[in-house]
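Have a look at these structures, which come just after this line.
Both of the next two complexes hold chain A, though its partner changes from chain B to chain C.
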Partner chain A sequence: MNTNLKISNVTKIYPGCVANDNVSLEFNSGKIYALLGENGAGKSTLVKILSGVVIPDEGKIYLNKNILKLNSPSDAKKNDIGMVFQHFNLFETLSVFENLIIDSDEQRENLKEKIDTIMKKYNFSVDLDVPVLNLSAGQKQKVEIIRCLIRSPKVLIMDEPTSVLTEQETSELFLSLKKFSEEGILIIYITHKLKEVMQLCDEVAVMRRGKLVSVSQINNENIESLANKMVGQDLKTIKKKKENTSSEQLIKITNLNFTSEDPFETNLVDINFSLNRGECLGIAGISGNGQSELFQVLSGEIISNKNSIEFNKNFIGNLNPQERREYLMAFSPEDRLEQAAIPQMAIFENVALNNFKSSNFFNNGLINESKIKEHSKKIISEFNVNTDNIDLKSQFLSGGNLQKLIIGRELITSPDLLICFNPTWGLDVGAINYIHETLIKINEQNKSIILISTDTDELLKLSDKISVIHRGKLSKIMNAEDVTSEKLGILMGGGN
Partner chain B sequence: MIKIVKRDQPSKAIFFFTPVLAIFLTLIAGGIIFYILGFKPFEALKFFFIVPIADKYGFSELLLKATPLCLIAIGLSFCFKSNNWNIGAEGQLTFGAIVSGGVALLFYDQEGFFILPIVILAGAIGGMIYASIPAILKTYFNTNEILVSLMLVYVSKLILDYLVVGPWSNPEGFNFPETRQFSDSARLPLLFEGLRIHAGIFLALAAVVISWFVFYKTYLGFQMKVSGFSLKTAKYAGYKGKKMIILVFLISGACAGLAGVGEITGPIGQLHREVSPDYGFTAIIVAFLGRLHPVGIIFASLVVAITYLGAETAQIFMQIPKYTGQVFQGMILFFLLASDYLLFFKFKLIGSKK
Partner chain C sequence: MIVDVNFVGLIIASIMASAVPLILASCGELITERSGVLNLGVEGMMIIGAISGFALMTVTGSLIIAVFGAMLAGVLISTIFAFLTQTLITNHVATGLALTIFGIGISAMIGKNFVGIPGKEFPVLFEGLKDTIPLLSPILFGHSIVFYFAFALPFITGYFLKKTKIGLIVRAVGDSPESASNQGINVRFVRYACILYGGAMCGLAGAYLSMIYTPQWIENMTGGRGWIALALVVFSTWNPIKILIGAMIFGGLTIIQFHMQAIGVRIPVQFLTALPYIVTIIVLVVISRDSRKIRLSTPSSLGKSFHKDN
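== the complex of A and B ==
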């Protein structure tokens, strides 16, 4: 049976922002639809409206010409709309089967039978009895998909499903999605990755700043045309100048190990690498393979053996972050709002978080506010942070401006090494470009970078050397020219 | 038409205006309640808020009640500003009173200038010990400090109960649930002949000044603030975040303990069953009404102290139960929370002209 889903003149206004501005779209089963847009373009709001999480201010939704009232997620379920969110909604400590039975009204035996049929049909292999925390991201996602399939949905919405998957897992997912589509399930695929749209989808709708910009057949588009529609401006492409880097060693990590007491963290096993001045070492990997632990060990949030880290001919493995800063290291953590900055504090107070002895922010235990403010003004003007009010709470900065402030705070003291973790995560294209340019510039000033990132394109663009982290182990270090994204994908999945 | 719009950023003026608005709304609502109960609203409010402090005795009583409220609220402001929800100041006060009372009882038949400082110090330490329990459980065992500190209040009151009816009860006291009278050397001196206001007020004022200085002017205060907002950030900046959490609890426990000292070594001069008419809980309202700012807390403690006095006058002159005081305290908090909506949203008139 054919499914027709129609969104008609949907508007949703949040205080200070129009998330969806009179959006109308029509979908028919048998095709895979892409909903494309940058972060903040309004995709998520639209999807939340379709799954009953958000109620629109205006507009209607029709399923097979019948008007749909979606006041809660259970309404969406009742109307056969299935949704796989970007962040999995699974109980880590429960088994797969327990996770599936929680929101099902079926008898245990029936459910088991149903799950077996689904798994056979689509060639899924997930052990139903293991706790979810032992599954890979790809398997967790399969559990989420099975959960939707149990209800034989008419519509399946996938929200940025590949952000945590390896290349292999991604192609498996695409095969399954194509199969679902052939069987008459209407698929809506939300992403900001252009390649995936070209590979998978039949039709693409582009959103920008809450408005629907275009709807077109995939055959009439290419990556550039879609990118321009998405961003609304022609993209500058930046390319790193390959220059001869110096051969002076800056940091050397020897037999660094970290064993965590927390079962949700990853242990680091025998980390060894060295980096010269002026070089950028990219560390690729799928999130959750030890990146966050590696960052903490390098920054000093986790203290290790003194001799395991040699920096500028000093052994600093046992120093805390503040002490490492004195040796001219700088750190930009992944989590902007919960770690790198405090949203409820003023911009200038956030600047004081990076505190050198020589910056004199605190004299004899007292705060030297004028010094901090002077320093903050300098950062704001040098790093193009779009505000002139340093008393502003930093929660009122956009993600891009906050990241500029953080990178600026770390760089203005001209450190020899910047360690950053997903520095452009969740930023819009303009801010990403700015951050990338800045990182290239500091390499050119003969300063080094360790870039831990889950974005392979970013790594290939910025790194001189690349290594892959998988289950807490680093692969051998490769020259960036010899690396392709396919090769990274294999290493990221644990292959050779 | 009126439309509600989100503010770009909370306005500073509104930040200090909403507490005033909350008090104003409380007066209106209070007037309505009095009217429904069959009193003349203005007259009743006058009995409640003006009559009690119209003479010098009343004013002294006002300061007497405001002292512990101010002291505790100052301590709590350290916790609350750093996102540690210490709800158990009442327990810390009680335990501080127990420890300092115990020390005072040791010296019940002695005189000497050294006694009072020891008694005061003992109270502060008692409060700190009691506050360290939720702090340590929170930092090392991830317990929720709201539950732990709140439940410990009842534990401390039971300990006090046991002591005053049991081992510490006055041997010559005809089984009244109270201890011996402390010696004069263990008592905070009265400031004026015939009035009950005592030297404890200087402890409160000192706490105001010190807290303002520490929190706004020192690196230590900055680290407390950062650690309170995010332990991850504190770690990243290189601060010892867990120690900061324990420190704010200790400060707040010490202040509550000192308030306890003031209650027993002031006009009363002995331990008995009820050392505090819930000052520890009411101080939470004071802290928020004062916007967690030392100066704000001084004003807030005076305003809230009136509700204690007003309730007593109202009981005497209008035969209304004195629990009306708590009704007023509740209304102040209620209206404060409600009017804080204005911090983040504003009303905008949308007329035909643009």
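== the complex of A and C ==
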């Protein structure tokens, strides 16, 4: 049976922001639709409206010509709309089966049979009795998909599903989605990754600042045309210049080990690498394979053996982050609002947290506010942070502006080495471009970068050398020119 | 030296009796906390239960009305907590502390007229079997219905959480209220229900103290048992069977240190009085060391307000 889903003149206004401005769209089963847009373009709001999580201020939704009242997530479920959220809606401490049975009305045995059938049909394999927190991101997503399939949905909405997947897992997912589509499920695929749209989808709708800007067949588009529609301006493509980097060694890691007492952290095993001035070392891997532990060990949040880290001919393994900064290391952690900045504090106060002996931010224990503010203004203008109010609490900066502020704070002292962890995670194309340009620039100034990232494209674009971390072990260091994303994918999955 | 086995049985029975209010309050609070709500008002709810039970018994003369009235009083005072934390989204910790202070104050006020009034005898079950089996008879027979209920409760609670659909929903809400809400579960309703249930159990625990354990009203008669109950929940890592073990150890040491003081053992009284608190916590920490299990049974959203935005 054919399914027709129609969104008609939907508007949703949040205080200070029009998330959806009179959006109308129509979908038919048998096709895979892409909903494309930058962060904050309004696509997440739109799918939250379709899944009943958010109620629109105006507009109607029709399923097969019948008007739909979606006041809660259970309304969406009743009307056969299934949704896989970007941030999984799973209960981490419950077992997979408990997660599945919780919103099902079926008897235990019937449900088990049904799940088995689904898993066989689509070639999924997930252990039903383990707690969800033991699963990989790819498996968690399969649990979410199974949860939708149990209800034999007419519509399946996938919100940025590949942000946590490896290349292999992504292609598996695409195969499954194509299979669902052939079976008559209407698929709406939300993403900001252009490559995926071209690979997977039949039709694409582009959103920008809450408005629908275009709807078109995929055959009439290419990556550049979609990128320009999405950003609303022509993007320059940046490329790293390959230069002869110096052979002067800057940092050397020798037999670095970290054993955690927390069973949900990853142990680091015999980490060895070295990096020259002006080079960028990319560290790839699926999240949860020891990246955050590696970052913490390198930044000094976790202190290790003194001799395991040699930086600029000093042994600094036993120093804390503050002390390492004095040796001209700089750090940009993964979580901008939890680790890099304090959300309730003003921009200038966050700047002051990065305190150097030489910066004179404090006199005899008192805060030298004018000095800090002057310094903050310099960062804001040099690093294009889009605000002129340095008293603003940092939680009100957009992700892109906050990341620029953090990177700016770190770089303004011209450190010899910047260690960053997923610096562009969740940012829109414009901000990503800016951060990438900045990183390339500091390499050109003969400074070094250690870039820990889960984004393979980013790593291939920026790195001179690449290594892969898998279960706390680093692969051998490869030259970036000899590496392809397929090869990285295999290493990330633990292959050779 | 001849030890009378029945005397040993009596000591064990008295230990169990002193554990009853702890088990009731802890098992109630366990359900509340498993739904992600941290209610620090246990002491306050218990003392409200204690005065309500005693006052109703004195005024109406009916034990049934008194017991259920005490539970209802616990429900009512926990409704204040539920309204504040779930509807007005106030901070759990501050609200819970306020509830305890409020409970102690108001119970003292109501209780003024009931000081010095003797309690009533509470009927016991299986009285006739008291002399049938040596050692075991005093342990098994001749106790109030609340006593038997308390010792069944940890097992019922465990079964409820692990095996029933509603128990699963409670755990899910405590794990991730956002996910639960997106799954169509009414988080606020579930949390209200769990808070009210916790209130009822604390009310019953209080009533046990003032009507059965020491049948009289004394101001502040819960004497910190509510705080011990809270500690039991946390240190048992939200496991009802371990609550039972912890309550027995605590009750046991309390009774034994009384006897030791009576015999005149040369250990400072302050140390003896502190002993049950220290040993109970050490034992529970030791038997709950498995950090994997702690992670799996700790309600991840404990004490965090959940506000659904549209």
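Here is the rule we use: the second predicted complex is superposed on the first by the 496 of 496 C-alpha atoms of A that agree within 3 Å, B and C clash if a C-alpha of one lies under 4 Å from a C-alpha of the other, contacts with A are read in each partner's own complex, and residues count from 1 in each chain.
In this text, a residue touches a chain if its C-beta (ideal position, glycine included) is under 8 Å from a C-beta of that chain, and two chains touch if they have at least 3 such contacts.
Everything numeric here is computed off the predicted structure, so don't read it as measured data.
Judged by the touch definition given at the top, the superposed model places A:I367 against chain B, while chain C stays out of reach.
Using the contact criterion defined above for the overlaid structures, shared-chain residue A:P333 touches chain B, although it does not reach chain C. When the two structures are aligned on the shared chain, A:I440 is found in touch with neither chain B nor chain C.
After overlaying the two complexes on the shared chain, residue contacts for A:P131 are found with chain C alone; chain B is out of touch. Using the contact criterion defined above for the overlaid structures, shared-chain residue A:I303 touches neither chain B nor chain C, since it reaches no partner. Contacts of A:A352 after superposition: chain B is touched, whereas chain C is not reached. After overlaying the two complexes on the shared chain, residue contacts for A:I477 are found with neither chain B nor chain C. Residues of chain A touching chain B in their complex: 15-16, 299-301, 320-323, 325, 331, 333, 335, 338-342, 344-345, 349, 352-355, 362, 365-367, 392-393, 396.
Within the complex formed with chain A, the chain B residues making contact are 4-6, 8-9, 216-222, 225-226, 229-230, 232-233, 235-239, 345. Against chain A, in their complex, chain C makes its touches with residues 165, 168-169, 171-172, 175-176, 178-185, 291-292, 295-298, 300, 310. Here chain A touches chain C in the complex through residues 51, 53-55, 72-74, 77, 85, 88-94, 98, 101-103, 131, 133, 261-264, going by the rule given at the top.
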